[in-house]
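In structure tokens below, several structures.
Both of the next two complexes hold chain A, though its partner changes from chain B to chain C.
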Partner chain A sequence: MLGVQMVQLENVMKQFDDTYVVDDLNLDIKSGEFLTLLGPSGCGKTTTLRMIAGFEKPTSGKILLNGKQVDELEPYKREVNTVFQSYSLFPHMTVFDNVAFGLKMKKVPKEEIQERVTKALKLVQLEEYGNRKPKQLSGGQQQRIAIARAIVNNPKVLLLDEPLGALDLKLRKQMQLELKHLQQTLNITFIYVTHDQEEALTMSDRIVVMNKGKIEQIGLPYEIYERPQTRFVADFIGQTNILEGTVTAINGEQATMKFADQVVEIPNTTDVTLNEEVYISVRPEKIKLSETPFEGSINLKGTFKEKIYVGSVTKIVVTMANGQDITVNESHDKIDELTNTNDVYVSWSPKNSVVLKK
Partner chain B sequence: MRARTKKILFSFSLLVFLFFYIPIIFVVIFSFNDSKLGTVWTGFTLEWYGSILQNSQLISATMNSLYLAVVTTIIATILGTLAALALHRYTFIGKKSVEFLFYIPVVIPDIVVAIALLAIYGILNMSLGLNTAVPGHVAITISYVMLVVLARLSSFDNSLEEAAKDLGANEWQTFWKVTFPLIFPGILAGALLAFTISLDEFVISYFTLGPGDNTLPVLVYSMVRLGVSPEVNVLSTIIIAIMFVVVLIVGLNMRKRGDVK
Partner chain C sequence: MRRNFAKAYLLLSPSLFWLTLFLVIPVLFIGVISFTTNGDFGAIIYEFSTEAYTSAFSSLYAKVIWQSIWWAFIATVVCLIIAYPFAYFIAHSGKWKNLLLLLVMVPFWTNLLIRLYAWIILMNNQGVINNVLLDLGFIEEPLALMYSPGGVILGLVYGFLPFMILPIYSSIEQLDKTYLEASEDLGAGPVKTFLNVTLPLTFPGILAGFIITFVPAISVFVVTDLFTGGKLLMVGNVIRDAFLVEMNWQLGAALSLLLMILVLLSLMIFMRFTSRKDRKLLV
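Up next, the complex of A and B:
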């Protein structure tokens, strides 16, 4: 079914007081897609989700659901369901009645309710818990009930507003995969809001990076990570080193820029012009540290500043001649192999630089 | 806490407790006293319990009090709850002022309300009866209901209403299936407060009731001017017993719902 337009946002604007929290948003979401709205708090991602759900009305623009304009419809008339950040389970109802709520509102026959609720609870592995009250369950279990309560209605689109935010890291990782598998099993369109870039990269088919109410970049997870198009995206997704310089020469696919009085080779993928000020982004894991320059690599000389142990790798910070720090991911014992830490090289292949226009 | 502090606090609490309950216990004991004068214990009797059942004045005053309390409670609870919902849900210009105005009846002396109402009835040339006491009773109880329900609403998670709508419930269904059951303990507490305040209300009733109409407090007042009769003790005992049972039922009910921790 992938390919049919399920949700379309056309020039959607949302104004609160004097500021546009969502500013001219255009987005097509395909049926069966797992799409993530990713951005820092206040970027407009939750407001966008709430407009699709119907809790907020756009100031202007159109929202289409399965080809039908819905932006003026009340939430209870839309074929979408939401999993809330705080779960929002009804505390006065049992788990079973919580999950059955949507079906009861739609006047589904009793036997069918029984059957579908049981199936939904089984899907989230909580079929034994139907008679409990929500507060008798753990956070992770409440989260599953909230998911069951939404998917039992067979929505066309499931909206998830930072649903794993309150869980501890280990449970969150586990739930990420469970949600992804659930989405693949049910083949429902998921629109997922998060500020956690790792979560977005793990789960999504496509990621929409938002900043200040606008879309910065839409792409597949690896595109967002490997080929960021703006400085914001490069900086927000994962860790990176941003180097600022001036283009000194262009030669077809290749170009050079001047950084800290050294000439640095860069790929000419974004049609830079001579003397243009540009940024390049280089991920710490693409950089090597050594005492001698590497053949065919960019080699910048610097001074070892500090090492930060983070478990899987050690982050080594090297200060360049112009005072800028460059972070390198290396193995733990790498720095001990170096004899003269005042005189080291950071090296990377030119193709690992991502050129970002100012 | 240090043992000595604990001891002092305990004794102090006990004193306050006795201060509250000793007079009430005396009233209850003396309702069984076999003496017309009521101040000296002469023997046990149930005579007065029998005699108040014969007292048509007392019975009609009781009915009047209950009637006023029920009507007041219904009106004040509905209006107070609606006002609380409006104040909780919507933002509008002058909201703080409106909220403030709801606190005024709580602190304003009853006598002012009574005289104001009496003045209005005079201007409108209305004759006083049982129902002319209703507006006064509602006026002083509605704020209590509003404040209690508003307090309950402040701990209410608004996303629950969004969740209900998201699952297909319209405004009406959302209110009755989700909002109402969750704020019900607040509404019940407010209603109970309104009921007891109305039942207990003397000043407004005294001024705004018709000449032939008595409520219990008004009747008791006229009775004690001739000395505390055993019948007044009996009446008080019955009222205490009713209130005790009502509060007990509500308390147990709330505990069952898990609202009291």
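Up next, the complex of A and C:
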């Protein structure tokens, strides 16, 4: 199944008043894929999802669902279903009737409805709750019912609009894995909207990072995290240190650049050119702290500014000679070993630096 | 537990006080008066008598009471049929919403008497409507727009329409729009969405509108007075006449109590047809 184009967005624009909330979006989503639209609030991710569902009509551009153009089609005629952020379970119906609603609307025979609803409730482990009203369930249970209500219709595409936003951290983590397993079992295309980068990294086959209505980067979770292509992506996904530099030489796959009084060779992943002003991004967990510089590493000298305990690691903010702060994640033991905190080296391997265009 | 009850009553005491003073005590007065004897010139003689009830149950009064309930019911249903689409339209009219609401509220704030007089000018045998129709040749002789049960119902509908529109409007307005999106998402078109989601979820508004229209509509007497010149009677007219014209307080009191019991009964029957949850939403 994987490989068939299930959803295609072609030059999709959406204008509200004078601003384009979605600006010339092009995106192909494959059948059976778990794709996440990730970005800060107001980046256009929810609007994109609502256009696929049919609640919003694109100002211009085309939306294709399974090869058929649907952008003028009403929501109730599209073979997609949505799991809403607020669940939107009908309060006047029992759990069973909520899940059966879509099938009833399609005039599916009664016995088949009974069978499919029971199966869907079983899938979300709530088969005994059919006679309850949504209000009598916990947030996590309501969430599952909302999922059951959508998947019972065997949609071609399931759209999920921050479905785990209202759950507490522990339940959210658990549901992330459950949703991922569910998606693999059912082999339905999932389009998932979230602003939580960790959630996106955990669940997705591919991530689309959006900002101001445009796509910043599309890639595998690994690529998005390790090889961000813009400063926005590097900054938004996880934590990072951004340094400014200049390209002084290019030799094949490598680029030589000068920054903070250092000249180093790092992989040229973003096609920078000679003399270009660039950013260099390096993740806090890739940086080591020591009293002596490391051979073959980039070493910068600085002093401790702040120490923040965050549980699994300690975050150290080190101020460089040029006044810039660099955040380092280090183990508690390692920090205890350091005697002179006014004179330390922050070191990282050149291959852990990511060059970003300005 | 015991202490909690005491606390609850303490907190309730102001409202209990007002309820006792302005509802329970007056009703008790009415109850007592209805069992006294009617003296000359309306004097109340404190001797037990059921005479008032004997006449109240006579076919003449029973017919008036029944007629009042029936007319009020018809008027309430007509109000509902007009008010729901109207309220729906206001709730979806965007920036015109406040202006339209104001147009509903203005007559609501105007005295019913004045508004009914305006209708007389329109509906009179020599009124605007009849004159226009006569001049245009649609009719040969004036229509009896007033002096008929239809006229009374028209007056009731006109008088109580805002009472129906406002609660329905507020329930439609408060309806979470994502329920409608969820319904459409699950394959229900606009009609199915309305019948399966909008209508049941706005039912508390309908229920509230029904009660606050129906209950006062039964006992109103100005409509029959003005539109039929007292030719047709509603129970409100009879009660007023018993107290003020015939000086028979006993009969007026008995009729008032009977009306109260009948209204409560009809509300209970009405509640029967509505699910427990809808009532809970209302309160």
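Here is the rule we use: the second predicted complex is superposed on the first by the 352 of 358 C-alpha atoms of A that agree within 3 Å, B and C clash if a C-alpha of one lies under 4 Å from a C-alpha of the other, contacts with A are read in each partner's own complex, and residues count from 1 in each chain.
The working rule: contacts are C-beta pairs under 8 Å (C-beta built on N, C-alpha and C of every residue); 3 or more make two chains touch, one makes a residue touch a chain.
Because the structure is predicted, anything quoted here is derived from the model rather than measured.
Visitor: Based on the superposed arrangement around chain A, label chain B with chain C as either clash or fit.
Guide: On the superposed model, which is not a single observed complex, chain B and chain C clash.
Visitor: Does chain B (first) or chain C (second) touch A:Arg149, or do both, or does neither?
Guide: Touch partners of A:Arg149: chain B and chain C.
Visitor: First (chain B), second (chain C), both or neither: which does A:Thr270 touch?
Guide: Neither partner.
Visitor: When the two structures are overlaid on chain A, which partner does A:Ala53 contact: first (chain B), second (chain C), both, or neither?
Guide: After superposing on A, A:Ala53 lies in contact with both chain B and chain C.
Visitor: Thinking of the overlay built on chain A, is A:Pro91 touched by chain B (first), by chain C (second), by both, or by neither?
Guide: Both chain B and chain C are touched by A:Pro91.
Visitor: Touching A:Thr248, do we find chain B (first), chain C (second), both, or neither?
Guide: Neither: A:Thr248 stays clear of chain B and chain C.
Visitor: Looking at A:Thr82, would you say it contacts chain B, chain C, both, or neither? Reply first, second, both or neither.
Guide: both
Visitor: Both chain B and chain C touch chain A; at which residues?
Guide: 53-55, 74-76, 80-82, 84, 86, 88-92, 101-102, 105-106, 133, 149-150, 153.
Visitor: Note which residues of chain A are touching chain C in the complex, please.
Guide: My answer: residues 53-55, 74-76, 80-82, 84, 86, 88-92, 101-102, 105-106, 133, 149-150, 153.
Visitor: Mind pulling up the chain B residues that touch chain A in the complex?
Guide: Touching chain A: residues 157, 159-160, 162-170, 173, 177-178, 181-182, 257-258 of chain B.
Visitor: Which part of chain A faces chain B closely enough to touch in the complex?
Guide: That would be residues 53-55, 74-76, 80-82, 84, 86, 88-92, 101-102, 105-106, 133, 149-150, 153 of chain A.
Visitor: Which residues of chain C touch chain A once you look at their complex with the stated criterion?
Guide: Going by the criterion above, the answer is residues 176, 178-179, 181-189, 192-193, 196-197, 200-201, 277.
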